[in-house]
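After this come two complexes, each holding chain A, first together with chain B and then together with chain C.
Presenting the complex of A and B:
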C-alpha cells in the first residue's frame, strides 16, 4: 500500500491502460478476439470485486461464485418471469447478494484464517446445489435461456462489441471504487486487520463491521458481473455461473496480478486470459485436462518468480531502475 | 483524580496463578513502574488491563468507567493504550503508515492522520524513517515505532511493556527523556522495565511482583530499602551497585 501515488502510477498509467483496452477491440475486430477481451474484462471486474474483501481485508473467499451466480439468476428470473429489465434486476441481485453476505459475514467473520475459507467454500456449495435443485425457479441443471431480443433496455445487444464496453465500464468503476476505499480510513483499517489483527485492536481499530460491510460490497459488485454474464451468454446454468472453478478463478486472477492492489486483478485477469486463449488455440480441446495442467503450471511459475503477484513485482523492479526515477 | 484503577486482578492459566490480587492506581502525570523477574506476571497484568485477557477475578476502571467486558479496541478508544513486549508492527507497511494506523483514531481523514503521524514520528526523532518498511527496522527502531503507533492514538493512560529492551545505552537515555516528556503532558504511565537505572530515574512509585503476587509497593527509595524486595528480587547485585 502506497501512502500517496505519484501522478504517473496514480492516474496516467491506469488511464493509458484503459484507453488501450478500449481501442484494441476496435483495431482487432475479429469475433474471437473481441470475445476473449470481453471475457477477460468481465473476469477482471469480478476479480476486482473479489479483491476488495479477499485482497484488502485479507478475507480469502472461495465462495464468491455464489454471489456471481445469484446476480445471474436474479436478473434472469426477473426478466423471464416478470419482464423486469436486467438493468433493474442486476441491482436487485446485488441487494440479495449483499444481504446474504451480511448474514454470512456476521456468522463467519469471527472465524480465523482457514476456518473462514472453509465456511465460504461450504456457502458456495450450498448455493450451487440449491440452484440445481430449485427446478421451478432456476430450471435445474439445464438452466435458463434468455430469448434474443436486442435492446439497450434488455441489456441485450446484437453486436457483441457492446458487451466489451459494458465490461470495460465495470472494470473502470470497480477500479475507482477500489482506489477510493484503499486511500480511506476504511481501507487502512482493513489493511491493519489483515497485516496484524492484534496490533489493529490495540490501536482501537474496530474492523468487524468494516469487514462485513466490504464483504457485502464485494458480493454486490460481483453479483452485477454475474447479471452481465447472463445477458452476454443469454444463458444461465448452475455450473457455469456458480461452479467452484469460477470462485477459484476470481481469487487466482487477483493473486497472480497482485493481491490487495487496485490494478492486480486487472493484470491477473488479462494474463490468465491470454494464457487460456493461447492454449485453446494451440492445444485445442483434444487432450482434455492438458489445458488445465498447463494453466496450473503457468500460475505456479508466475507465483514462484513473483511471490507478491505480477504487478507489485514489476513495480518493484521498475522502481529499482534509474529510468523510472528520473 | 485517578485515571486507571486495577482492583484485585487475578488470572489463572490452568494450574498456574500468573497474577494474584494485584491492585494499583495510575494517576495523570505520574509514572508507576511494575518490576519483577521474568514470568512474574507483568505482561499478563497489561493483558488484563487492556482486555486481551479476561481476569478470573478483579476489575479495571478508567476514570469512573468500569471496563469489565469492554473490548481491547474500545478500551483504546476510551484512552487506555499499550505497547507489546514483543513488538507488533504492520510489517509490510512503511513506518509512516504504521503510525497512521494509530492516528486514525483521532483523525477524521487519512490526510489528518498522516499529519498527526508525522508529528509523533518527529517527536521520537524518527522522521527520517517515514518511508522505510517496518519489517526492515533494527530492534531499537522497532521499539520506538511501537511507541509511536500507540502515542498516535493520544492515550490518557499508557502502558509500556519493556520499551527499552534491546536498546543501546544512548537509545535508553533518549527513551528516558521521552517518557519524562510524556509524563509532563499529563499522561498516566505504567511502565514495565528491567532496566533498573531507568526505573529508578523515572518512577514515582514502583510495584514489585513475584510469582504473580505484589510483594512491595512504594517510592523507589522505599522499595529499594524494603528487605523483602532486596532478598527476593533485587538481590545483592543491586545493593552493591548503589554503593
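Presenting the complex of A and C:
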C-alpha cells in the first residue's frame, strides 16, 4: 500500500510545480509558447479526469472524447441558440455527460478488460457519428463558430493568456479532487478492484456503484474541459473535439506520466507537449505524421521499459539509489 | 423484390472479406487472449504492398498474394517477438496500449511515406459481370467471396487436422495444461499471431482491386471487424464467419435505406446491444468477457 505523503512530496512539491506553471507564461510571453502551455494544461486537466476512472479503477475507456465533445457542443449550442453563458452551459454539458456515463456504465461495467475497451470505442464512434449527422443542431462536419465577443461572463477573452490560467485552475482543482478520492475509501476500493476484482469481492467490497459513480464524475469533469476547449478555439467540429485520437491521447498522457497517480497525467501531458513542440520546431509541419510517429514510438518504449509510467519509475529508481547509499 | 436480392448478394460478398479479416483477429484473441488493436494496419500494409506490386511491377493482385501473404506472416512473427511476447504477462493496460500505439505508429509511418492520398488498383476484369435474370453479379466480387470463404475454411481444417493446429487449439483451451503435455507454447503464440497477420493480409489483397487504400483504410475496417468478432463470439472461427456475412448484409441494407454515415451508426449500436445482452456472442466460450462482480 502507498505510504502517507510526507509534507514535502504531498504539498510543497505540487505547490511549487503549480507556481512554476503559473509564472512561466509570464516570463516567456511569446504567443507560440503560451499556446503550447495552455494546450498542455488543458490536456493535463482532461487526462486527470480520465485517470480518475481509467487509472484508479482501471476502466480503460477510449470513448472519453465523446464526453469532451458533448461538453464543447452543449455549451456552444446553448450560447449560440439561447444566449446562455458558457459558464452555465459547461455545467449543463457536464450533467449531460455524467448522465450518459451512468447509462453507458450500467451496460458495460460488467465487461472484462478488452471488451470494456471495445464497448467504449463503439460508444465514442456512435456519439461522433451522431454529431456529424445532427446537422441542424451541430452544424454537421463543418462545425460551429463562436463569434469573438470578449467578456468574462461569456468566457471569451481577447488575450489568450487568460485561458492559460483558466486551464491551470482546472488542473489544480482536478488534481485536488484526485488526491481527495485517492485517499478516501472510494479510492482504495477502486484500486482493490483494479488489482484483483475477485479478491476485492471476497473482501465484501461492492465496487459496481462506485465505479459507475467515478466514471460519471470523470465524464462530467472532462466535459468541462471540452467546454473550455470550445471557448479557447471559438470553434467546434466533430473531428477535433470527438475524434478517437483525442480519447487515445487522454489515456496515453496518463499512462506515460504514471497511471493511477495524481501527478501522472500532468507529467505526461507536459512531456507529450514538450515532445510535440520540439518535433514541430525541428521538423516543421511539412512531413505530416512524423510527430505522431515519434509520439507512438515513445509510447511503445515507455510501455516496454517503464510499464507503470515515467513518474513512478523515476520515483522507484531514486528510492533504490537512496537505499543503496545509506 | 429484385433490389432486395441484389442488396443481399452484395452484402454477402463483402461480408466474406469481413469474415476473413475477423477470423485472424478472433484466432489471435482465442489463443493469446490479446486483442490486437493494430490488426487493421496489417490490412492496410498488405493493400499497399499489393498496390505497389501492381503499379510498379505490373503483377496482378491475385498473383501477388504468393509474395504478400508470406511477407505478412514474417511481419507477424517480428511483431510478436518484439511487442506481444514481452507484454503477455504485463498488466492489461500495457497490452491494450502497446497494440494501440503500434496502430498509431504504423498509420503515421504509412502517412509519412505515402501521404493520405487514396490509391486504387484498376484491373481489366474489375467491371466484368454476368447476369442471372434481372441481377447483375460482378465476377470479381464472386471470386473474392469464394477465396475468402475458402481461406476461412482452410484455416478451420488446418486447426482441426494438423499437429500444429491441435497444439494451437490446446493452447487456446488451457495454456498451462498445453505446456504440461509438451507443447511449446511460445512457438504456438508466434505462429498464431503470424497466421492472424497472414489472414488479414490475404483479406487486404482481396480488397485491393475493390477499394482504394490510404493509411486509414485499415482503421475503418477494424471497427467493423470488432463488431463481427464480438457478435460471433471472441475466439470462435465459425462465429466470425457467420457474423461477418451477417454484418455484410446488414450493412448493405442499411447503407441503401439509411445512407452511408448512418449505416455505421447502425452497426455500432448493434455492437453495444450485443455487448450488453450477450457479450459472449453467438458462438463464444462463456467466461472470457464478463466478470462476476457486484
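The working rule: the second predicted complex is superposed on the first by the 318 of 326 C-alpha atoms of A that agree within 3 Å, B and C clash if a C-alpha of one lies under 4 Å from a C-alpha of the other, contacts with A are read in each partner's own complex, and residues count from 1 in each chain.
Convention: contacts are C-beta pairs under 8 Å (C-beta built on N, C-alpha and C of every residue); 3 or more make two chains touch, one makes a residue touch a chain.
What you see is a predicted model, and the numbers here were worked out from it, not measured in a lab.
On the shared subunit chain A, the superposed partners chain B and chain C are arranged side by side without overlap. Once the two complexes are laid over each other on the shared chain, residue contacts for A:196 go to chain B alone; chain C is not touched. When the shared chain is aligned, chain B and chain C each come close enough to touch A:206.
Look at A:292: by the touch rule set out above, it reaches chain C but stays clear of chain B. Within the superposed three-chain model, A:68 lies out of touch with both chain B and chain C [touch as defined at top]. Chain A is touched at more residues by one of its partners, and among chain B and chain C that partner is C. Of the two partner chains placed around the shared chain by superposition, chain B is the only one that A:184 touches, whereas chain C remains out of contact. In the superposed pair of complexes, A:250 makes contact with neither chain B nor chain C.
With both structures placed on the common chain, the touch criterion links A:304 to chain C but leaves chain B unconnected. Of the two partner chains, chain C is the only one touched by A:122; chain B is not.
Of all C-alpha pairs linking chain B and chain C after the chain A fit, the shortest spans 7 Å.
When the two complexes are superposed on chain A, the residues of chain A that touch both chain B and chain C are 198, 200-201, 206.
Looking at the complex, you find that chain A touches chain C at residues 58, 60, 62, 107-108, 110-115, 117-119, 121-123, 125-126, 129-130, 132-133, 193, 197-198, 200-201, 206-208, 245, 248, 251-252, 255, 259, 287-290, 292-293, 295-297, 299-300, 303-304, 307. Residue ranges on chain A touching chain B, taken from their complex, read 1, 3, 183-185, 188-189, 191-192, 195-196, 198-206.
Those residues of chain B that touch chain A in the shared complex are 50, 52, 71-74, 76-77, 81-82, 84, 88-94, 96-97, 100-102, 104-105, 107, 109-110, 113-114, 149-150, 152-153. By the touch criterion stated above, chain C contacts chain A in their complex at residues 29, 34-35, 83, 86-87, 90-94, 96-98, 100-102, 104-105, 107-109, 111-112, 115-116, 215, 223, 226-227, 230, 234, 261-262, 264-265, 268-269, 271-272, 275-276, 279, 288-294.
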